[in-house]
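There are structures below to look over.
Next come two complexes, and both contain chain A; in the first it sits with chain B, in the second with chain C.
Let's turn to the complex of A and B:
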């Protein structure tokens, strides 16, 4: 049985919006921002891999999609998915705005 | 001693200004320092990569770049 004096449900205020992701310049934030973007990964050997960054970890192990292998600026190979072990990575550079 | 500066504090003071990074092999980078971590992985912006080869120096321009700290030898402030 319902209580007639029951108060109507109080207006629930919407939860506050999550704080905007504060991107400082740190390597961790760079890695968070660059996932899903086109990147160029250069290995210590000088070979480049360009593709869409699908995921990576703190060791700089990298999974790339639509990968193109560039040696001296010439495309020498293409891979659908490629895994790069982090110890070989010299740098990761964004090819589009973050 | 008046005041001691930790090595990483030196790099921290360069945030926002141009940094010159010399790698272990024949490679150098100059770019605006955005940040770094305890491994001295470095994030740079508006980067020029210099590759010193027997054929001469090769320049490459890069936008937002994360340099792997394991190959870095020297980092220095540059105007």
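Let's turn to the complex of A and C:
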């Protein structure tokens, strides 16, 4: 059993590997992981869109599938597909485990 | 990064596949459009024809009186240029 990492020898052994749930990582890592998952997209106007995230780009333009529009918690519209222009996005929240 | 076999790799693909189709567009200022999409660009500037615009007008006086609050105005336009910065959402016809 060999350790290929070129680390200087330390007195304490390294901590055990993290659990599979990845709580660290860059925003980009989050966005990569959340593609294909159910998400909630909140716009700056306060309107929510819940659906499956098909893809997104550098402007944070978003393509959603099976989208429900929620205003004040009430479903106000449904779209098979929806393109959301990125400048309107406040946040993207994962609705299922990554 | 293709997800469910729909052939969409970036969000603009959704728009490209909707050219010459009737699309629903949600705009800033409580406006909605339904029309045939003829052209678009990276700003989401749109050229649409046979457009019906729906404008939701909130009447603040009747809202305070607890009455019906939303009035709807509609109008039709033959050909329309939409400046991209007012676009919130574009929904193509359902792909079946």
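The criterion applied here is as follows: the second predicted complex is superposed on the first by the 74 of 98 C-alpha atoms of A that agree within 3 Å, B and C clash if a C-alpha of one lies under 4 Å from a C-alpha of the other, contacts with A are read in each partner's own complex, and residues count from 1 in each chain.
Simple rule for what comes next: a contact is a pair of C-beta atoms (placed from the backbone, for glycine too) under 8 Å apart; a residue touches a chain by one contact, two chains touch by 3 or more.
Being a predicted model, the structure only gives us computed values, none of them experimental.
Within the superposed three-chain model, A:54 lies in touch with chain C and out of touch with chain B [touch as defined at top]. By the touch criterion stated above, A:26 is placed in contact with chain B alone, chain C being left untouched. Contacts of A:82 after superposition on the shared chain: chain C is touched, whereas chain B is not.
Of the two partner chains, chain B is the only one that A:90 touches; chain C does not reach it.
In the overlay built on the shared chain, the residue A:62 is in contact with chain C alone; chain B does not reach it. Once chain A of one complex is fitted onto chain A of the other, the partner contacts of A:35 are limited to chain C, with no touch recorded for chain B. Common to the chain B and chain C interfaces on chain A are residues 87.
On chain B, the positions that touch chain A within their shared complex are 15, 23, 25, 27, 29, 33-37, 41-43, 47, 51, 62-68, 70-71. Here chain C touches chain A in the complex through residues 1, 3-4, 6, 8-15, 24, 44, 84-85, 87-95, going by the rule given at the top.
Per the touch definition, chain A reaches chain C in the complex via residues 32, 35-36, 43, 45, 49, 52-57, 61-63, 65, 67, 79-85, 87-88.
Every residue of chain A that touches chain B in the complex is listed here, in rising order: 24-31, 34, 40, 44, 46, 60, 86-87, 89-95, 97-98.
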